[in-house]
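Order of writing sets the labels: A, B and C. Residues in every chain begin at 1.
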Amino acid sequence: MAESYLIRGASLADGTTSDILLDGGIIAEVGTGLSAAGARVVDADGLIALPGLVDLHTHLREPGYEQSETILTGTRAAAAGGFTAVFAMANTAPVADTAGVVEQELALGDAAGYATVQPIGAVTVGLQGERLAELGAMARSRANVRVFSDDGFCVSDALLMRRALEYVKAFDGVIAQHAQDPRLTQGAQMNEGALSGELGLAGWPAVAEEAIIARDVLLAEHVGSRLHICHVSTAGSVDVIRWAKARGIQVTAEVTPHHLLLTEDLISGYDARFKVNPPLRRREDVEAVRAALADGTIDIVATDHAPHPSESKECEWDAAANGMVGLESALSVVHASVVENGLLDWTDVSRVLSQTPARIGRIRGHGEAIAVGAAPEIVLYDPSASRSWGTADLAGRSVNSPYLGRTLPGRVVATFHHGYATVLDGAVLETAEIAAAAREARA
Amino acid sequence: MARTVLNHSDISRALTRISHEILESNRGSADLVILGIPTRGTVLARRIAEIIQRIEPDAPVQLAGSLDVTMYRDDLSRTRTRTPSPTDVPVGIDGKTVVLVDDVLFSGRTIRAAFDALNDLGRARAVRLAVLVDRGHRDFPIRADFVGKNLPSATSERINVHLSEIDGAEFVSIEGGEE
Amino acid sequence: MRHLLSTRDLSRDEAIELLDIAEDMADVQLREVKKLPTLRGRTVVNLFFEDSTRTKVSFEAAAKRLSADVISFSAKGSSVSKGESLKDTAQTLAAIGADAVVIRHGSSGAPLVLAQSGWIDAGVLNAGDGTHEHPTQALLDAFTLRRRIHGSASRGRGLDGVRVTIVGDILHSRVARSNVWLLSTLGAEVNLVAPPTLLPVDLANWPVSVGYDLDDAIDAQPDAVMMLRIQLERMHAAFFPNSREYSRAWGLDDERFARLRADSIVMHPGPMNRGLEISSRAADSPQSSVLEQVANGVSVRMAALYLLLSGEKGE
């Protein structure tokens, strides 16, 4: 008999206060003064209840790079950050370019039980950018893949990109493009501008992102397909996407928490924790992506959670790996960058971190508004908390967070997935306990 | 609380006496080189040379110079970084009698370093030492040949030498002590 | 001085102090006994992840003339160049007891990473990092200019009002970057001349004027012209069409050299591509300071090592 939970006195995104009863695999009741009979009570006084967060862009590293992260450790990090579903990027080893690999990832996610793991399929075989992967087979597999991406690499061949966009229409898929012209970014180390010239680091020009987005929105228009742009980082990209949307092109876009908060000047000390691709940009770019998220030009926030072992970051800048972990801190960073200044309210936050990513990724059972009969995927967040980030706040295998030592607002107090708790009182629950709860929920 | 121990005329008299003693012990000014240790030693060396040239008009024109010992010190990482001063030796020192001049003789470390510095410049026939103040407390078996004033002091006390060329005033004071 | 990582961090007073000490060191180089006992018992490690015989020899000579023990660690070609991390190497050097590490590295910022890492307590001296900085080269260039212009009255002086034109691959040049910051700190006016492809895209923060035309720059009669070495690989990446075109537009050929004032100084950090960025007549003329630059390099590096290894830790 699965445990039922009564969340007592939570603030909903619209500002009302309510009790929420999770029972029988759904949200059974929403209202005030609900009976706690038989249910475990969670005091949510002062906490905001949001639908469980959905990350459209996570690197879980398994199979192949288990020293950085596994599906188990990555979904623990997800739960700690209030996520109940993560889309796992395809750049594993082997690459997720066949039905076999994506089904394996799905099964490992289900067994771990911390969050739904929805595999993303590679666009091209081995991410090589040469031949299309078996997109249809992955779509028809048990993993039900709808998002395809060569993330880490750009599908730079225009013809291949056109074909991929066209082909996935057959099963309502979407191509998520990592927009980076490879020739314009050869050896690139940081945003190209005044600072790169001073630091003597090879530049990653904004135009290398913007030119690919411009090309791809026109391709998507031409073939009538859905296009998603990963990690938009420049003001120019925002302008191109805004133009494309006004034209009616089916394009969606994401921004990462770090591109909402951090700027390139952090690189002055060559601390590789701040090395990421696309790179941290100028203050003007941060302002532009914040405004774009507020006005809907950018649809969602996605973490681009990219774990790396310490030796990949404790080294000289050129030799360091790109990427930052971001699942645990995402909600706090969104809070700090666009909620505290009033650009977004909590309803917007649930849209950009739950409803819209679930819709873009065509995933069921996630991103539903908190209401009777909805999937029991919920996060409770304490907006009045504040903490200085340390490695103890990270729940995955890697600690390459750019926020260590920085104070961020808020704290995830509890996460519920499939009706059971994965996080309670701010602590991630034990692996065995969660695996058992997941088995029971499936039964 | 600083107490003046030598005033302007005390210093002037001391230097005149030292100059006479140098001439006497060297039996004149032949083959004499007077090298001050920066910063105040250099000033004192120049003054002594002027006095000697007044007493003996045929004394060498290039009598005084400056010997920087910074790069020869043994306390490199025990004190703040010292900026070296130029070394300016007017003539070769081989076979000469070199009189080293410093303002205060204390532990003897500076003089020890000066011996090394001198050694790298050539082979002097003899080396003598002149100081304005000898305050005792030596760490090395070094003594001065010509002393302006013996000033027994506690190690916690500070001796301050002021010379008009550098400090705009001319006196020697002692301060501190009671801790 | 705890570390010497870039000229950008140097104040005018610090830079002049270093150049003045280098004058003292240069005086010592004229004596019969060229060695000083200053750094006796100290260990200086030359850690070169990139080949550079010239710079390495210069640092070795500087350290030895100050009586330091010198350990040269040529990382290039050994296990260190690929695979073994900077961290492991640094910890090894710490275990050996290095007091100062002179590091040449292909990655911009590597000396700063080493200095800030906590892997090693030694003072770090940047001997050239990627396309970032090469502070001792700029210091020896400034020293050379100061001596040429002020002679024996150099001590205590800057380079106020001196007009220096730097020509060539600014984008990839650590020598140019270090010179831009240092020369302007010392009061010089710096003019950069290069093909647009070999200039950083945004120079708004640099205290320089910029032009594309070397003839205009020569006609402005600078006090010094510093020619940078051009890497021929650059033409394969479309920075310029070929060496002939580069040389015609941006080389100091005989004709341009003849138009310089007779007391204009011709500088080059070496090694030179004769006939490409500089003609032999210009390089070998009395106006050329190329060999002085090499000799002054030892004095400047002695001064830098002295400042790095004297004083209490953390000063």
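One rule holds for everything that comes next: contacts are C-beta pairs under 8 Å (C-beta built on N, C-alpha and C of every residue); 3 or more make two chains touch, one makes a residue touch a chain.
The structure presented is a predicted model; accordingly, all values stated were derived computationally and were not measured.
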{"item": "Shortest chain-hopping distance from chain A out to chain B", "value": "2"}
{"item": "A-C against B-C, pair bridged by the larger set of C-beta contacts", "value": "A-C"}
{"item": "Chain closest to the middle, measuring from C-alpha centroids that were averaged per chain", "value": "C"}
{"item": "Most distant chain from chain B by Cα centroid", "value": "A"}
{"item": "Distance from the mean Cα position of chain B to that of chain A, given in whole angstrom", "value": "75"}
{"item": "Rounded Å distance between chain A and chain C, as computed from the means of their C-alpha atoms", "value": "46"}
{"item": "Geometric centre distance via CA averages, chain C-chain B, whole Å", "value": "40"}
{"item": "Residues of chain C whose C-beta touches two or more other chains", "value": "none"}
{"item": "Contacting residues of chain C [partner chain A, same complex]", "value": "8, 85-87, 105-110, 112-113, 116-117, 129-133, 171, 174, 177, 200-206"}
{"item": "Residues on chain A engaged by chain C in the complex (per definition of touch)", "value": "189, 192-194, 196-203, 205, 269-272, 311, 314-319"}
{"item": "Contacting residues of chain B [partner chain C, same complex]", "value": "68, 71-73, 76-87, 116, 120-121"}
{"item": "Residue ranges of chain C in contact with chain B within the complex", "value": "1, 17, 20-21, 23-24, 27-28, 31, 33, 35-39, 66, 155, 306-307, 309-313, 315"}
